[in-house]
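Below you'll find the structures, each written out as structure tokens.
Next, two complexes with chain A in common: one pairs it with chain B, the other with chain C.
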Partner chain A sequence: MNAAAIYAVEGVLLVSITSDITDSDIIELQEHLSNRIAESETRGVVVDISALEIVDTFVGRILAQLTAIARLLDAETYVVGMRPAVAMTLVELGMYLPDNHTALTLDHALEKIRSARSANGISRRA
Partner chain B sequence: MTEKVLETTLEVLKEDAEGLLMEWIDQADEDGAKRSDLFSEREERDQAASMLRAFRLGVRDTSREGDFDLRDEHWADLRGILSEITHERVERGVLPGEMAALVLALKTPLFGRLTDKLVGQPDRLIEEVLIVSKAIDAFALYTNEVFIAEREQIIERQRDEMLELSTPVVELWDKVLTLPLIGTLDSMRAQEVMESLLQAIVERQAEVVIVDITGVKTVDTQVAQHLLRTAAAVRLMGARCIISGISPKIAQTMVELGVDVGEVRTRSSIKNALTDALTSVGVAIRPIERNQRSGA
Partner chain C sequence: MAFPGGRKIATIELRTDRDVSRARSRVSDIMKSKGSRDLMITRFVTAVSEIARNAIIHGQGGRMSVFELPDARLIGVECVDEGQGIDDIELALGDGYSTRKNSLGRGLGGAKRLAKTFTITSAPGKGTVVRMIGMCTTR
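Up next, the complex of A and B:
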């Protein structure tokens, strides 16, 4: 799978999508990612779409699906690095991705996951 | 003598160009189409003379050809001169009606001369007058078209300038941007606003964006829609959007219209929005001790 790669970074799964991703790649990615989330018992998934220049409803729907799958497996999904044009297209298409968390960059996403985790940790210990 | 269209007109134009010119200008003066306050006697004369010259050339070629059509090649000269003069006159503040009246004023002296020439030949007189009248009317209309085209250009340019001017994205603090919206928000502007805002978010790595609508006169469903879409796009980029400056009146209208802002945060003033934004990036504004104040 060349069009998308999954890395484990700081206990978080980082999914990097490259520009030439095809629809079949995305379906494959969905399969892979759900397995990896279940195996690693991660709490966070970061999908980096900064290389993505074109989106359509299919990509939008897959992003929403990835998020839903991850949520069922108890992980929160952050979409990072969205380009302005992509954001505008998605809004134009009416796909507001309400269940996704978003962040500007990977750094921001990691920070948010960390703070959410520590907040959770405290409440659990208490 | 073979009868040709506009033959007599051409004769008149050739024979007494100078006299015709003088009379034309006098007539224009009488019709209130002369603007002595904007143009000197000389300029006025030069313009009229060049129009008359081009008119004569056009008449000559048309008379060879047969029928009249302003779009013909014969009238290219006159068209050029008309748009040039219209441009110049409009720039100095001549009204479009006055420009048309100036062209139309040519009718009186020209028809007078035609009547003298064709005395006893009413049929030909009517024919000539009809054609010349049609031609001159077309020129007058043409000046109006030129005038409108110029105005359109100006409007176009000003709209572009306004679009640029009216979408300044300001960095209030590290990671905090604000976009003060002023005036009306139509689809085109909304698009422009969204684009520059999203671009700025990427460039400045902003986390919070305050869209201030204090300067927006009215909020209808369409404007609200645009605002919410902008907020949604900002969220997709990974930043947070706060809409501030919602007046009590606008709040009432929005509720009456059934606009649901969903999760978008709204604040009544930019002050509240700023406090909110700064808190979320971990900065606070607090009063300083009295003895630390500069100048105190």
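Up next, the complex of A and C:
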């Protein structure tokens, strides 16, 4: 898959989506990530969408679904790097992505995941 | 004529989802070359993405044409598909309506809200034509 780069760092999957991602790429990414989350004891997924000039209803729906899937697999999803114009357009489309955590930057997202982890105790699947 | 006094500057064949991505970048590049601001580009290209996808999913493919208009602040897009047409356009424009199960049904109505003008003509068996005008610059 070349439409997204995935890195695993300290139990967090960092996903960077490229600007020209297609609908089938993003469905493939959703499936691939779901498997990775379950396989690798993932606490969090950070999806960087800063390269995306637009997020339409299709991509918005997949992001919301990914969040729901990850949550069932005990991982939280953060969407980072959303452009202001994208946020304004999503709201106009009526897509508020209520279940997605958002963070302005990757650093912020990682900080939030770490603090959630320490608040929840030491071991994840205790 | 799709847009009175308009001049066609690009045509994108819509067959696969790769073409939706191509349509997005093409319109975005044209708007950038006209000095559009990010918000204007994002709004209009989002609308373009929705209708291009509709043409492929519901219309069995089609063609998108981009037009320069006499008012240089504007850009026109026409999307023609060869599908079975839409029975009830008002219903199709409503948020939450979709003929597909795995869809939000916000695409068409969303595109209408994001474009400056939006017209849709369709009849059962006759395909669908969507015409949208977007703002490139405010002056």
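Operating definition for what follows: the second predicted complex is superposed on the first by the 121 of 126 C-alpha atoms of A that agree within 3 Å, B and C clash if a C-alpha of one lies under 4 Å from a C-alpha of the other, contacts with A are read in each partner's own complex, and residues count from 1 in each chain.
The definition used in the following text is that a contact is a pair of C-beta atoms (placed from the backbone, for glycine too) under 8 Å apart; a residue touches a chain by one contact, two chains touch by 3 or more.
In this text the structure is predicted, and so the values were computed from the model without any measurement.
When both complexes are superposed on chain A, chain B and chain C fit side by side without a clash.
Of the two partner chains, chain B is the only one that A:80 touches; chain C does not reach it. Of the two partner chains, chain C is the only one touched by A:21; chain B is not. Legend: residue contacts after superposition of the two complexes on their common chain; A:102 is shown touching chain B, with no touch to chain C. Annotation for chain A, partner touching more residues between chain B and chain C: C.
By the touch criterion defined above, A:72 lies against neither chain B nor chain C after alignment on the C-alpha atoms of chain A. In the superposition on chain A, contact of A:88 is made with both chain B and chain C. Legend: residue contacts after superposition of the two complexes on their common chain; A:53 is shown touching chain C, with no touch to chain B.
Of the two partner chains placed by the overlay, neither chain B nor chain C lies in contact with A:8.
For the pair chain B and chain C, the least inter-chain C-alpha distance in the overlaid model is 8 Å.
Chain A uses residues 83-84, 86, 88 to touch chain B in one structure and chain C in the other. Across the complex, chain B meets chain A through its residues 191, 194-195, 198-199, 201-202, 205-207, 229, 232-239.
Here chain C touches chain A in the complex through residues 17-18, 20-21, 24-25, 28, 38-39, 41-43, 45-46, 49-50, 53, 95, 103-104, 106-107, 110, 113-114, going by the rule given at the top. Those residues of chain A lying in contact with chain C across their complex are 19-24, 53-58, 60-61, 83-86, 88-89, 92-95. Across the complex, chain A meets chain B through its residues 79-84, 86-88, 90-91, 96-97, 102-105, 108-109.
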